[in-house]
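Quick notes on the structure that follows.
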Amino acid sequence: MEIVNHILFYASWALLAAGGLLCVIGAFGLVRFPETYTRMHAAGVIDTGGALLILAGLMLQSGLTLETVKLALIMFFLLFTSPTAGYALARGTWSAGHRPITHTRSDARTDGHSDSAGMTDDG
Amino acid sequence: MFWAAMIGILVALALALVRAIAGPTVYDRILAVNSFGTLTVLALSVIGFLMGRPDFLDIALVYALINFIGTIAVLKFLRYGDFARATQADDNDLV
Amino acid sequence: MLRSFSMFMFLLAVWLLLSGHYDMLIVGFGLLSCLGVVLIARRMDIVDREGHPIHLTWRAPLYWLWLGWEIAKSNWAVIKVILGPRNRLQPQVIRATASQETDVGLVTFANSITLTPGTVSVLVNRDWIDVHALTQETADGLMIGDMNQRVCQMEGTGAKRKGD
Amino acid sequence: MTVEEIINIVLLTMLALTAVGIARLRNLFAVTMLSGIYSLLSASIFVVLDAVDVAFTEAAVGAGITTVLLLGTLMLTDREARDGSRANRAGAMIVVVALGGALFYATLDPMMPRFGDPRTPAQTHVAPQYLKDTVPQGSSKEPVKVGIPNVVTTVLASYRGYDTLGETVVIFTAGIAVLLLLGQRRRRRRDTPGQNPSGNKDADRAAGAED
């Protein structure tokens, strides 16, 4: 039992630390990336990676209690709402006439993997 | 040990704030506010554990829902999420 | 009717889990409010395959497990781009084929695309989804169509669009 | 420094930065977004201060309703704020600095009770009675006087039940009145033929709202 507790403790520690790190990296991408569309991917790291790891770490901390259920519900809500909000945002940005900067054009399923020149940089 | 997560979240909050103030388009700001909301939900959860009061999770739960409603309301206001309109027009000017 | 009952039980379970108080009076309030929500939902006519998809109960968790692994992989890919040199960015718009038959399936596919960082669905249509991809790598991962197939498997074959 | 103090300092710093951003930006849509962030931050601070119920309200009202109301206002007005005259700005600056200085000075008064001091009037007047009637005391299993588990709800719905009823009626009436006024305006606009009341016009205007 003692050993299991130790493992759980270090596992949750690692999860929390990794989650915090992912949040920072995602937010850093949010600042660093050019243009709204690319920034959405960075925000996705916070919404999925950061949130999942931190909530999982907290779940390991609280064990089989009501808190774990609440954390699971938060995770559930975030996983359902964040892509919906993300789609609304992407759709909105598109409809407003903002077009993403692109570096290759690939309309069909297979073409357009050839050139890999540097992208235009308007950050 | 909750500190590791808390520091990460606080730094991320500060960076998201930078993006919200810097913009430049309204959509960047909406994106920043949305991320800020997610980070606040996480921060509230961690603060609850940090202070030994995990029952604070209820607020995080409410925020997880309100943040979503807020984002949708904002986008609805901008009238971009007009799902009724055909997508064919948009499709033609695919870059 | 079965769907309404399952919705009631689901709401009640959430209520009991969140409440933490189990007096007769307060649980009674909970029962009443859950009943009220179910009645309103029935009146709004949203207790259908789309609003409360219980037919996905058994297949959905399997899909989520697979999606979790995909999320982990794509998170790693995006982190590499964020911390890497600037010319690693290869943003592009690609068109993914969506062969789902139900609305729930299509939404699941579009949301799964957005949930995996590195790809964001921008325009959703019946048969295809325009996706903004961060790099060639993430774009290629989507183009294989694996996720499309798995969502189709999850929604089950023979399911018709809208209604039973 | 304790855990709470450090978190509070960080959050308050960000709150101040947000406030400066709100004051400096001229694009009102951006200001609305920042005010959402402001309320997210203040709710976090309320949680750290143990005022969970206030944080709950801030979450629902500050981040939810207020944003929607501000956006509704924006729909009826311009999206860019005009700069006031130099004299106006100087006057506002003096008022703000004086008020802020006075508040700051007040906190320096040695007679002020410390945060969470159990001997303040707020803690010694009726609060102990409310707590005694609501929360089971010690290990005794005797039933509490009011059967509501949450103290704040006890105060709002039982001790001050009539107050709450009055407030709710007032706010409900005001809300309906506002909706009636705004609804009339919208209906009239929709009746005019050949105009596009929603959609593209708004969209185009916002698309240009970059600064």
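Each chain carries a letter (A, B, C and D) given by its place in the written order, and its residues are counted from 1.
To be clear about the criterion, a residue touches a chain if its C-beta (ideal position, glycine included) is under 8 Å from a C-beta of that chain, and two chains touch if they have at least 3 such contacts.
Remember, predicted model here, so these are calculated numbers, not experimental data.
When each chain is reduced to the average of its Cα atoms, D sits farthest from subunit A. Measuring from the average of all protein CA coordinates, the nearest chain centre is that of B. The mean-CA centres of subunit A and subunit C are about 16 angstrom from one another, to the nearest whole unit.
Remark: subunit A and subunit D have CA centroids separated by 29 Å (rounded to whole angstrom).
Each chain gets one centre point, the mean of its Cα atoms, and the points for subunit B and subunit D are 18 Å apart.
The multi-chain contact residues of subunit C, meaning those touching 2 or more other chains, are 18, 93, 123-124. Contacts with at least two other chains are made by residues 22, 26, 28, 40, 70, 73, 82, 84, 86, 91, 94-96, 98, 100, 102, 105, 107 of subunit A.
Residues of subunit B found to touch two or more other chains are 6, 13-14, 25, 30, 32, 58, 61, 67, 78, 80, 82, 90, 94-95.
Interface residues of subunit D facing subunit C in the complex, by the touch rule stated above, are 147, 149. Looking at the complex, you find that subunit A touches subunit C at residues 22, 25-26, 28-29, 32-35, 37-38, 40-42, 44-45, 48-49, 52, 66, 69-70, 73, 79-80, 82-84, 86-87, 90-91, 94, 100-110, 112-113, 116, 118-119, 121. Across the interface of their complex, subunit D is touched by residues 21, 23, 25-26 of subunit C. Of all residues in subunit B, those touching subunit A in their complex are 1-2, 4-9, 11-16, 18-19, 22, 25, 27-28, 30-32, 34-35, 38-39, 41-42, 45-46, 49, 54-55, 57-58, 60-61, 64-65, 67-68, 71-72, 75, 78, 80-82, 90, 93-95.
Contact residues of subunit C toward subunit A in the complex are 14, 17-18, 20, 68, 71-72, 75, 78-79, 81-83, 86-87, 89-95, 97, 110-124, 132, 134, 136, 139-140, 143.
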